[in-house]
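My questions all concern the structure below.
Labels run A, B and C following the written order; every chain starts at residue 1.
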Amino acid sequence: MNAGIRHLVSIDDLSLPEILELFQHAKDYAQDLRAHSHVARGLISASLFYEASTRTRLSFESSMLRLGGGVLTAADMRLSSASKGESLADTVRVVSGSYADIIVLRHASEGAAQLATEYSNVPVINAGDGSHEHPTQTLCDLYNLWIERGRIEGLHVMLAGDLRYSRTIHSFVYALARFGANIVCLPTPGFELPPYVVQRLREEFGVEPVRADGEKLGELARSCDAMYLTPQKPHQLSLFTDAKGISVEHVDAVYMTRPQTERYTSADTLPPRPMSLSKQTLSRESLRDAVVMHPLPRRDEISSDLDEDPRSIYFKQAARGVPIRMAILALLLGRLELSAPRAEVDVRYHPVALGENPCPNPTCISRTENRHVTARYKLASRFPVRGFCAYCSQELPARWVGCSTTGVYHERESAAARQIRPDHLVFFRDEAQAHALGFTTVAKPVPPGVEPEPARAAGV
Amino acid sequence: MNAGIRHLVSIDDLSLPEILELFQHAKDYAQDLRAHSHVARGLISASLFYEASTRTRLSFESSMLRLGGGVLTAADMRLSSASKGESLADTVRVVSGSYADIIVLRHASEGAAQLATEYSNVPVINAGDGSHEHPTQTLCDLYNLWIERGRIEGLHVMLAGDLRYSRTIHSFVYALARFGANIVCLPTPGFELPPYVVQRLREEFGVEPVRADGEKLGELARSCDAMYLTPQKPHQLSLFTDAKGISVEHVDAVYMTRPQTERYTSADTLPPRPMSLSKQTLSRESLRDAVVMHPLPRRDEISSDLDEDPRSIYFKQAARGVPIRMAILALLLGRLELSAPRAEVDVRYHPVALGENPCPNPTCISRTENRHVTARYKLASRFPVRGFCAYCSQELPARWVGCSTTGVYHERESAAARQIRPDHLVFFRDEAQAHALGFTTVAKPVPPGVEPEPARAAGV
Amino acid sequence: MNAGIRHLVSIDDLSLPEILELFQHAKDYAQDLRAHSHVARGLISASLFYEASTRTRLSFESSMLRLGGGVLTAADMRLSSASKGESLADTVRVVSGSYADIIVLRHASEGAAQLATEYSNVPVINAGDGSHEHPTQTLCDLYNLWIERGRIEGLHVMLAGDLRYSRTIHSFVYALARFGANIVCLPTPGFELPPYVVQRLREEFGVEPVRADGEKLGELARSCDAMYLTPQKPHQLSLFTDAKGISVEHVDAVYMTRPQTERYTSADTLPPRPMSLSKQTLSRESLRDAVVMHPLPRRDEISSDLDEDPRSIYFKQAARGVPIRMAILALLLGRLELSAPRAEVDVRYHPVALGENPCPNPTCISRTENRHVTARYKLASRFPVRGFCAYCSQELPARWVGCSTTGVYHERESAAARQIRPDHLVFFRDEAQAHALGFTTVAKPVPPGVEPEPARAAGV
């Protein structure tokens, strides 16, 4: 709505230098959390939580109070305005009109925070949108690595458990990849990283997945195949020598996750013995120096007899959520200026020119609140044409694409497809859909007065 | 409880000059919402919400925070004290004892705020009592008209949709009538203004309803009869010339409402196509200058393609809720003095002398919390005797009335009925009820020592 | 966790001189509740409520706001983190990590607050744990007696209604006994004081229960036997002369309670006419000077026609909850220093050396959250050996006890049982349980290197 407002929807919204500068400020705040009550004086945050949460909500509200601001709480939006049928777009317009100076939003639909930014008059912070992203958790996690290890680049971070539905994991792996950390995945079978995440890691961050030998990780790796994702830049690879794959010799951090059972569909079944980190596993040589992290709440993923182990930092990790969220709030409220350069604007986003919303995700906000959303997509590659929903980041399952001005459609792998201007692109699941919209495979003569499609169509 | 405390239960509690003076203060606050944090410093408001709400609650809480006060929130009272069987009267006594300096109350029973004032040690603000009143929404609505049009008197305001159960409408029409605005009603069939509202408009505010010709309002008026309510004072009537009724030539504001389905009984059925304001209707000549208002949340009453129309002010309208509520809070907390004269005390309220509570409304607080309520009524006219419940404002359906000192009862249209002192009045649904209480139609000899009923019984 | 932190789990945590000194501070605060907003500036309290409550939560939050602090609210923890399966121990670790400077905890399990202190980095206040204790309500009640009567020692306080499940009653009788007040019990039949409470009163506070003659208490006493509990110190007994028991001649305070129906099991049935205090009963000579108290919310225990009686102080009682809670918060937050000596540390608490948790109470936190609790007990007497659960205070139903180092078990009344070191004690419901753990009745030869059980085992 207001282009000058800065939001935090995705971890991508912050450049690496900005993130590191925020860490410095967080560290300053953490010296004495009670000494910064002038920063947000006179300002108000609104917690709009469409999903139950205590940890994240209280963490944000504590941060705002510690900055001297006021807090409005709507801890269960599903029971209030939403029950009267109000759309998220309307709620955001009202709350950002005069009630609050910043909105902290949690929602069950992927892309909800993105939608909110389109209607808000104040900054929006994504405090979790479905199984999509949770950037402040990621900032907190990165901050913990930075505090504990002094750096992020080159660290070996192992992610274990439900990597599919954990939104914290998705924001986290993108950031780890950007920072040049090495990622070892130990997913519960059936709960691997979603394909769109892996694809993005490869295409945007130059990360190469390699089958890894998890034998040195003990019990944890017994029931699953380890996957090793590493930036293609040549750093630290000398550690790994196994010819068949990579052997996981040394891990800096183990990041355990909870099965996100509340998001499971009937097709998802947990193994009889869910993954759990035990004292025995942690005594493995490869994990000798590893800090143990968890976004919490945990169930049985970490045995409670590890709580007193000095490597277990999950409670410290949660405590550090306050200073880092103080820094984020201060930044977005305009009460903290960074000297680091901002992330560049991603120019690959375009509206879908015509037709049905091509997003395949039934819980994406572009489908659950379609009255207020104009379908948009990110053009990830032009050959073949591949797009991702601008809200939930899932790939558009379109084998055919058309041009809204010529009415002609092509297979997305074709050279012709490549020529279509991004803002003229139409996505078709199948040819029937193309025909239904009046598209054909042969160009009709261009009617007079319509500008012909330029051959030098705008680059990605 | 404490006669010196000022409450806001009904829009009647404020005089017109006071309302206009509050608008000036609201306008000042709105210049910079963040510059008034000294006003309520050290004071606490308590939101006691027995019905779910986000908008109204957050609007009040934001206003209190912006004034520098603290906020206690009970967002769903039905789940807490009330679930242990506590009465509203007791809750109000406790919260007003030392917890809070002002109470903001929303409740499902009509008259709840009135009851609260009888037990509270601090000011009570009615944030909606059943389908009765919602005076701060009305203040907000009037403030919007005043800002947008510079005045309220003589404006033509069209009210559309569910006029029966919308409490915002009821407070609003009384205030519009007092200000001398002209009201055009376009109710969804079956959801007209309640008879007690129309009656009060006619009897107290001299408003005359006329069947109007809604032809110029397009789609909106297609399915319903327009009703035109106009003050009997001769202003601006020159605009209207149609002999058969009034033709709606020019509308200053369209006020859309949501079907209040949560209050519907099984007897209420919505038409298959609910009323909705479209771009096409708004392009009508008569609506050319009309601002479009809605108390929100909306469903489909206003098409979202109107959101960008400059006449659509519903989001501005909500935003203006904060400065006007800041003014109200400051006034009731004693932190803002008005120079305008206060509304006169309405002397027509009396206790019901004897017998059953005559209120016919099953959701009135006088019936749902009868342990703590002494039935009271407003004597609206003496010939015939007509009373309205002091809590929910509904007319008492009494064909017979008696005198508690003589034990004689009469038809309410009789001259004898007129002679009964208001504080001796007893209301009877039927004669059997009168007989059951020992009343007769013939005066018994007055026992010695009982003062006879004076013929010059107190006037209304 | 941090031994230097001061908590308030039980009324025992405060010495009598400390309590009296807190009263002075509360009285100062009460002079002007709005004049102390510097006391907790910059500090944050977190209300973690696992059971619905309005009164207690708002009372604490108001107190914190009046002290100038900030408030985090989790009004229904069952719906948030707990619904994701998080343990209380983990939640407390997180919230006390950096979110809040003090935790106010209400929980359905007895002993929850005690458990919380074991994991918290900040002070914990018990705002009610199951049917166990509610120390701040007790402080409020004592404060009211002190304000109304000028003292507590020697007062005659009558407790009526559900004395079994009312946690407020349990904390209250311990404190009354310590202060040397005389307690008259008028329980609803079937809802007498729990045996463990009576036993503790006798054993620790030297209180002697006597059957009392309740004839002078009228209606209230009609359906139940009065019990009189009095400290064995010779004070004021001269008032009572009846040889068969004590006749209740004069009552200083009547404390009514609500049937705690939410805690009833299927075995609990209320009498058809629940106990209720009427105007008639209160007119009895013996109650002439009695103030009427109630922790609220009430249902029908006190007829509303008593509300205006000057002896009815239950609304004042609630109002006084704020200044006394302000004093408690200030004390625990380290913003108020007392000169009175602290309560001595109770050295009778020990871990259970081996085997199953012997606590018999299925709703005790030591059983509902057994992953995080090491069973502990209070050794109340050594001959016979009698222990009470350190969490819920219920007696351990162990007829046999063993020694963890010798593997021998004994009847708890035996001299041998007395010799076992408290930290070696194992509790057995029956002999089968002892055998299952490998215990025998005959000492096995002590293996070399194991230190033999010293005969001079540590005293209670």
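We take it that contacts are C-beta pairs under 8 Å (C-beta built on N, C-alpha and C of every residue); 3 or more make two chains touch, one makes a residue touch a chain.
Since we're looking at a predicted model, the values are computed, not measured.
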| item | value |
| --- | --- |
| Chain contact graph, described as a line, ring, star, complete graph or other shape | complete |
| Equivalent interface positions on chain A and chain B, same or different at half | different |
| Distance from chain B to chain A - Cα centre to Cα centre, in angstrom | 48 |
| Touching two or more other chains - residues of chain C | 73, 75 |
| Chain A residues within the chain B interface of the complex | 41-44, 46, 70, 72-75, 77, 79-81, 83-86, 90-91, 93-95, 97-100, 371-372 |
| Footprint of chain A on chain B - complex, ascending | 33-34, 37, 52-55, 57-59, 61-62, 65-66, 71, 73, 75-76, 258, 262, 296-299, 304, 315-316, 318-323 |
